[in-house]
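Here you go, one structure.
So that you can tell them apart, the chains are marked A, B and C in the order they are listed, and the count of residues begins at 1 in each.
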Amino acid sequence: MDAFLAALTLRAGYNAALVAIGAGLLGFAAGLVGNFLFLRKRSLVGDAIAHATLPGVALAFLVMVALGGDGRNLAGLLAGSAATAGIGLLAVDWIARRTRLTEDAAIGAVLSAFFGFGVVLMTVIQTLPRGRQAGLESFLLGSTAGMLYLDALIIAGGGALCVSLALLLRRPMTMVSFDPGYAQSRGIDLRAIDLAMMGLVMAVTVVGLKLVGLVLIVALLIIPPAAARFWTDRSERMLWIAGAIGAASGYVGAALSASAPDLPTGPVIVLLCFALFCVSLLLAPERGLLATALRRRAYARALARRDGLLALASRRNLSQTARRVLLADGLIGANGAATPSGVREAALAARDERRWELARTLRDADPAIAAHDGVSPVEKALTADMIAEIDRRLAEG
Amino acid sequence: MTATATAREGVFASDPDSRPGPLVVSGLTVSYGRAPALIGVDLAIAPGSMTAIVGPNGAGKSTLLKAVIGVAPVVAGDIRVFGETLARVRDRVAYVPQRASVDWDFPARVIDVVTMGLYRELGPFGFVRRRHREAAMAHLDRVGMADFAQRQIGQLSGGQQQRVFLARALAQKADLYLLDEPLAGVDAATERAVVAVLHGLRAEGACIVAVHHDLATLRDYFDHVALINRRLVAQGPTAETLTAENLQRTYGGLLAGTQIGRIEIAYAARER
Amino acid sequence: MLDEIFSPQFVQLSLPPILIGALAAIACALPGNFLVLRRQALIGDAISHVVLPGIVVAFLLTGRVSTWPMMIGATVAALVAAILIEAIRRVGRMEPGAAMGVVFTALFAFGVLLLEQSGSRNVHLDVEHALYGNLESLIWLDANGWGSLFDARALAGLPPELPRLAIVAALIATATALFWRPLAISTFDESYAQSIGLPTRLIAFALVAAAAVAAVAAFEAVGSIIVIAMFVCPPAAARLMTDRLGAQVAWSLLFAVISAVAGYVIAGYGPLWFGLPDAVSAAGMIATISGVILAAACLWGPRRLGAGSAA
């Protein structure tokens, strides 16, 4: 626990602090970028890009060894991964655009074929004298154990770079992901922004390779925006929430894993992220499960109550549900007869219904009237003078 | 044109309880989430009638049909088809979805799609025999598409695709046909062909309910109309129901007054 | 090459892995056809990730590395994942891709964490094994030539993965043939299928369940790369060859078998041709070949253009 607190407050050594900050920045950038992917409904493109890094890592290693290096230079490996990730991205794009295959099939195909080829290259590396200690497996699931100072610096710097780029491009990317047609009409080059977006996804993936690993990096792109969606309907707010969720899971996850060496970094970060997702799904006030269920029940009940009151007013028979609701609200007695308050409410409901009916027949019926949900009183949608006008007409008959 | 239909209604009017109506909807409220898509809709479709469901975009027209075939989230209300719950009379109902809802790249030929309409006869495991193929061809012929039987469906024009869907519904040999915008975006020849088939079905005694967008052709094609904007605004025989006032109540500000006026004038001119 | 085929070593060392690879490819490609048509191609990807936590949990519960509990655990995990994906998609009203991404990454992360924490790592369970499989190790020591195929005693020594995959492939093929019509109708036009009373949700779930069974059976023998690749690449390539559903399925099976056989042979003998001493990963090579076939179909397939992409 102490070790965890130390790591959390950046007192667990210089490297660990750098890595934690880098992971936080990376999570933030991933949340921002993932948010645009999510809104464009292209979340899993990130998965294809991530898996397509493997052959690049292996090729870079082979090239560096062939050139006489030791092959483990992180910058070199990441450059290689970016190269094949870019090719994979173009392949997905080309297949989805130029053939009848849909994007999901293109993603699955590129992902598996590139990854398969990467595995082939990995087995080639393993047969090399130097390959055994290459440690390239750490790119699968990420690992921060025994990280060099330079590597940590690359991650922190890369994270910072991703964040600044994402912030720089957020206006046009928001516009493009919200309404591509409109963005185009405002002179934004769709294709350029899309490419920039994918470039950012690649950057996040590449920076995250060592930290989270290529199998799981896509989680950082998908889960934060998916969680943020539950909290708000506004795109600007969603962006920051997604960034915050990503940053929190990255930072805390890296600290946790630094303090407990047998906790692998990638999975810990992803699981933290997922925990935040679950909380959002259940409890978010806007679109969370609980809030939605409560609203739905309340609406069904309000509908039954209204139906019952109108039935009381017109002396129709009450339906089962209506009877139960009215009884619970003390509007009818056990014998089914209206209580005094029931009589009053029924009269009010009947008047409200007449007002609505007339409101709907008015010549310039406006959206406020058309969108009526069947239970809220007329006062909620119309101004006092409009209601007075309606009442005047009702009185005229 | 409506002679048979009127005669039929006459028979039923004299003895209303002899057979339950093809479709009776009462108090139907449907909600996908917060604001309901349909509120307290009551609707009774007369036997042997051809009814247009009319209303602005998002009015819940498709939702109404989906509720009838049991795939919309119904909050309250009751739906009776031929006096029964849907499950017991499913074989007597044919549904034609909005055309945009399928993948036109799907590896299927025209004849394959029509054969899908024979599911009730074929069952899940039965083999397609010669008589099934002939039946499918006959239905295709009825919509004028027999020559296209071997085409991949994506190679057809929008109107031709609509005809294939109609042929599939014909293959179901139903008594109640529910069609979602069968005439939206089709060419004039297809419109004529589809309307002819639908009128033919009505003459054979079937009942047709179709979502329709074109107010100008409404009176020519449909004998009944139901105006919907999340609630039922009005329903009844087309001539009486399609008034400027009802249209105004249905479309509100969405349909400019001049537009309604123009349609009224067009009708008046034609009737003279 | 021909001498190779008639040598006893071929029957001993190469025939079983080739057969197993081909059967795994067939079992995955069959449901893959419908998944691709339903735009659920990535369900295979998701399933093959969640197999890992299933296996680890089964191991922790039984304390042993034994086949059946692990296969059951993996299948259950796959089904749980499918249900979770559907639930999140509905509740969150989000596109299936995002829901899938949330579920499979979280479950996979959970599996890895369990694996690291429980020390089960020492007992031949590890992530790389799960990814690459061990196709090359599935050998038939009791064989001494093609004649052994008719020798009951030798047959008893076949790697158990072979009969198991044969049964799974046969089951899936039978089910596909039996339920062809409901499957095709509900894949083509779901709302129409519902209107004629087909249980579309059950069908969708059964399809995912079949995919899960195929994935688990194949995974155990050949690793998850092949599984992911075979769900998508052969059906996608077949999609570009024809406009008939039956023909598409046939093409996909052909492509799957070609990938499996060619991939294994190239992985085993290819490096020798280049003067390299050791074979490379057969699983990786099979996936690579299936990708190459798809690339060829994208470039030259007679039906590569769709109704939408007139380019």
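In this text, a residue touches a chain if its C-beta (ideal position, glycine included) is under 8 Å from a C-beta of that chain, and two chains touch if they have at least 3 such contacts.
Worth saying up front: this structure is predicted, and the values here are computed from it rather than measured.
When chain centres are taken as C-alpha averages, the shortest distance to the whole-protein C-alpha average belongs to A.
For chain C, the chain whose average C-alpha position is most distant is B.
Pairs B-C and A-C differ in how many C-beta pairs touch across them, and the larger number is found at A-C. As a whole-number value, the distance joining the C-alpha centres of chain A and chain B reads 39 Å.
With centres taken as mean Cα positions, chain C sits 44 Å from chain B. Averaged C-alpha coordinates put the centre of chain A at 29 Å from the centre of chain C. Residue positions of chain C touching 2 or more other chains: 39, 93, 239, 306-308.
Across the assembly, chain A contributes 100, 292 as residues in contact with two or more other chains. Shared interface positions of chain B, i.e. residues touching 2 or more other chains, are given as 33, 105. Contacts from chain A toward chain C in the complex involve residues 38, 41-44, 46-47, 94-95, 97-102, 104-120, 122-124, 127, 137, 140-141, 215-216, 218-219, 221-223, 225-226, 229-230, 262-264, 266-268, 270-271, 273-274, 277, 281, 287, 289, 292. Within the complex formed with chain A, the chain C residues making contact are 36, 39-42, 44-45, 49, 88, 91-95, 97-102, 105-106, 108-110, 112-113, 116-117, 127-128, 131-132, 225-226, 228-229, 231-233, 235-236, 239-240, 267, 271, 276-281, 283-288, 290-292, 294, 298, 301, 303-309, 311.
Those residues of chain C whose C-beta lies close enough to touch chain B in the complex are 37, 39, 93, 178-179, 181-182, 184-185, 187-192, 194-198, 239, 242-245, 247-248, 306-308. In the complex of the two chains, the chain A residues touching chain B come out as 100, 292, 295-296, 299-300, 303-304, 307, 360-361, 363-367, 369-374.
Residues 33, 66, 69-71, 87, 90, 93-97, 101-109, 112-113, 116, 119-120, 122, 124-125, 152, 154-155, 168, 172, 178 of chain B touch chain C in their complex.
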